[in-house]
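So, here's a batch of structures to check.
Look for chain A in each of the two complexes below; its partner is chain B in the first and chain C in the second.
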Partner chain A sequence: MREVTCELCPRACVIPEGGAGDCRVRVNLGGKLRATTYGRPSAIHIDPMEKKPLYHFRPGSPVFSIATAGCNLHCLNCQNWQLSQRGGEEMETLYRADPPDLIKAAREEGCRSIAYTYSDPIVFYEYVYDSSELAHREGLANVFITAGYINRKPLRKLCRVLDAANVDLKAFDEDFYRRVSDASLRPVLDALVTLREEGVWLEVTNLLIPTLNDDLAMIRRMVRWLRDELGEGTPLHFSRFQPQYRMRNLPPTPAEALDRARREALDGGLKYVYIGNIPGHEGGSTYCPTDGTRLIGRTGFWITENRLTADGRCPTCNEEIPGVWE
Partner chain B sequence: MRNDTHRDGTEREWRRTGRRRFLGLLSGLGAAGLALPFPSVARGPRERDLKEADFYRPHDLAG
Partner chain C sequence: MSVRIRHLHQRELRFLGLLALTALLIALYLSDELRLAEQQGRGWRSIDLEALQRRVETGELRDREADWYRPSAAEEIEASGGRP
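Let's turn to the complex of A and B:
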């Protein structure tokens, strides 16, 4: 039996010949590990950058977004489970698109960025890497939307070709990761630090689930860690939970819980804290941390106002707002 | 127009030679056909090899 050990993510799956890793899409064929969804995306969309969510990276621009089947996490509340919790052979749609095809399509659709998103792009790592490398050569940016459950070595290599990332930090609690996502927190924190060290533009999302990860003391610990390890200018998005997949027993997050979390994070020293999945909420806009001027107004994923100067400053007090504003 | 009244040994010999040549040609074509690669199924769409993954190693530890 020619077993192999996958070293891409912390699961370190030992895969027998003919078997697949926990992600379902990395398969041992004849003693060689094969990335079965390379060049075979199952979702291709053009989204606004705000949907990722990335609020400080090319605001308002369309981003060519792709995903393949599979995921290395198994969150009970997954909102893309039809894609993430299946293998490629189970997909209703399977496109053929090698990296040059992707870049060509993105250009034709007027997108200056490509997002690897929806499921966790870690599991189609090689496809992301090759596409990103080519995208850079063609002047396109790459954004990586992930839960960050990846080993350091492959992530460092990938950072060479990434421009921005949003990491879904699911909770600041090992027990939550174990029970809800069948994973662990530590590698995710390591990934956040690596992305910061490598200079990839970084934003963090925390989906607030009633009773499971909305404890203010835990949020306070998370905010302190983010401020100290990643910096006070790191945007944090508190996102509203909607019951789905295997977690239909809990209600949507009340707006008040999101407000409380946002207030806690602002008080804890983070400068850009957002509320997501509540269209029209004031927490969806960007404010100057010095004088409170509304800099970018948003309703849902749409920008209603952009008062940032061309070099990314507050027009009132000249405060520099971190981000990629080109 | 053939003149059957002049059929003799020379003509029979000519016919045998012609038949031998024809059969030789047929068997030559057959042999050549067998020597060619089997005409393949490869004419239709063909699935590419799956991409080999990065970051893995043989699992050769005991246990």
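Let's turn to the complex of A and C:
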């Protein structure tokens, strides 16, 4: 039995020959760990950047979005469980798209960015890295949509080729991570700090689930940590929960709970706090933190108004808004 | 003191057989659960290897070597001739 230990994520799976890691797609074949979904995505879409969600990175631009099977988390409320909670050998759809094919397709579709998203791209790390390197050479940007459950060394290396990331911070509570996602909080916080240190544009999403992580005291602690460790200009997205997968027993998040969380985060010192999954909500737009001018108006994933100056400032008070606005 | 030995009746034998079968089923169930628990504790999953290899052979999946792994400690010791 030639066992291998995977060092990509904090699970550190010890995998016997013929077995897969907890993610289902990193398989020990003949004593060597194989990335079985390299160049074989199961989902390819063109999305608006706002869907990721990234609100301060190339707003309104189309992004070529891909994912393979597998995930290193097992959230009870997973939105993409048909993709994330299966191995490559269980998928009906497997596209053949090695990195050069991917870049070519993105360019043909008029996309200037590629998003590694839907499932957690950590599990197809090598595919992300090679594609991102090539994308940079071709002038495309790379965005990484992740839960951030990855070890520091591989993340630091990946940061060299990433331009933006949205990290799903599921709750500011170890117990929540253990019970809902079968993971732990600490590595996710470390990943957030690493992304910030490495200069990758960073936004954070928190899916608010009724009774599980909507406690205002917990939100206050999370906001304080984000402000102190990542900076007050870090955009935070509170997203509405919809019952699905193995968590159908809870109702969708009431709009009032999202409003309360947003107010708490703004009072706590974060400057850009958004509400997601409620189309038309005023919390989906970007406002100047100094004079309150609405800078980017949004309805759902669509931009209805963009008043930012070309260099990313408020047109009335000249406040500089952090982000990548090209 | 006299000891009365009574032979088991057919009905009692059947009952004992049923008890033994139940105990065996419980033991099998528990050992399977223990095996799964041990497997999960080490973080790996068993997969349909045949299906995977078939799809690798047809090119639907890949066998590209992954980054970020190492042989487990026992393998390393073996490879170094027993010197850790």
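Here are a few things to note about the model shown:
Rule of thumb we're sticking to: the second predicted complex is superposed on the first by the 326 of 326 C-alpha atoms of A that agree within 3 Å, B and C clash if a C-alpha of one lies under 4 Å from a C-alpha of the other, contacts with A are read in each partner's own complex, and residues count from 1 in each chain.
Definition applied: a contact is a pair of C-beta atoms (placed from the backbone, for glycine too) under 8 Å apart; a residue touches a chain by one contact, two chains touch by 3 or more.
These numbers were taken from a predicted model, which means no experiment stands behind them.
In the overlay built on the shared chain, the residue A:Leu8 is in contact with chain B and with chain C.
Residue contacts after overlaying the shared chain place A:Ala20 against chain C, while chain B stays out of touching range. Residue contacts after overlaying the shared chain place A:Gly88 against chain C, while chain B stays out of touching range. When chain A is checked against chain B and against chain C, the one touching more of its residues turns out to be C. In the superposition on chain A, A:Glu126 contacts both chain B and chain C. Once chain A of one complex is fitted onto chain A of the other, the partner contacts of A:Ala35 extend to both chain B and chain C.
Annotation: chain A residues 2-8, 14-15, 26-27, 29, 31-36, 38-39, 125-126, 129, 151, 153-154 touch chain B in one complex and chain C in the other. The touching residues of chain A, when paired with chain B in their complex, are 2-8, 14-15, 26-27, 29, 31-36, 38-39, 125-127, 129, 151, 153-154. Contact residues of chain C toward chain A in the complex are 42-49, 51-53, 55-56, 59-75. Those residues of chain A that touch chain C in the shared complex are 2-8, 11-16, 18-22, 24, 26-27, 29, 31-40, 87-90, 94, 96, 125-126, 129, 151, 153-154.
Those residues of chain B whose C-beta lies close enough to touch chain A in the complex are 50-60.
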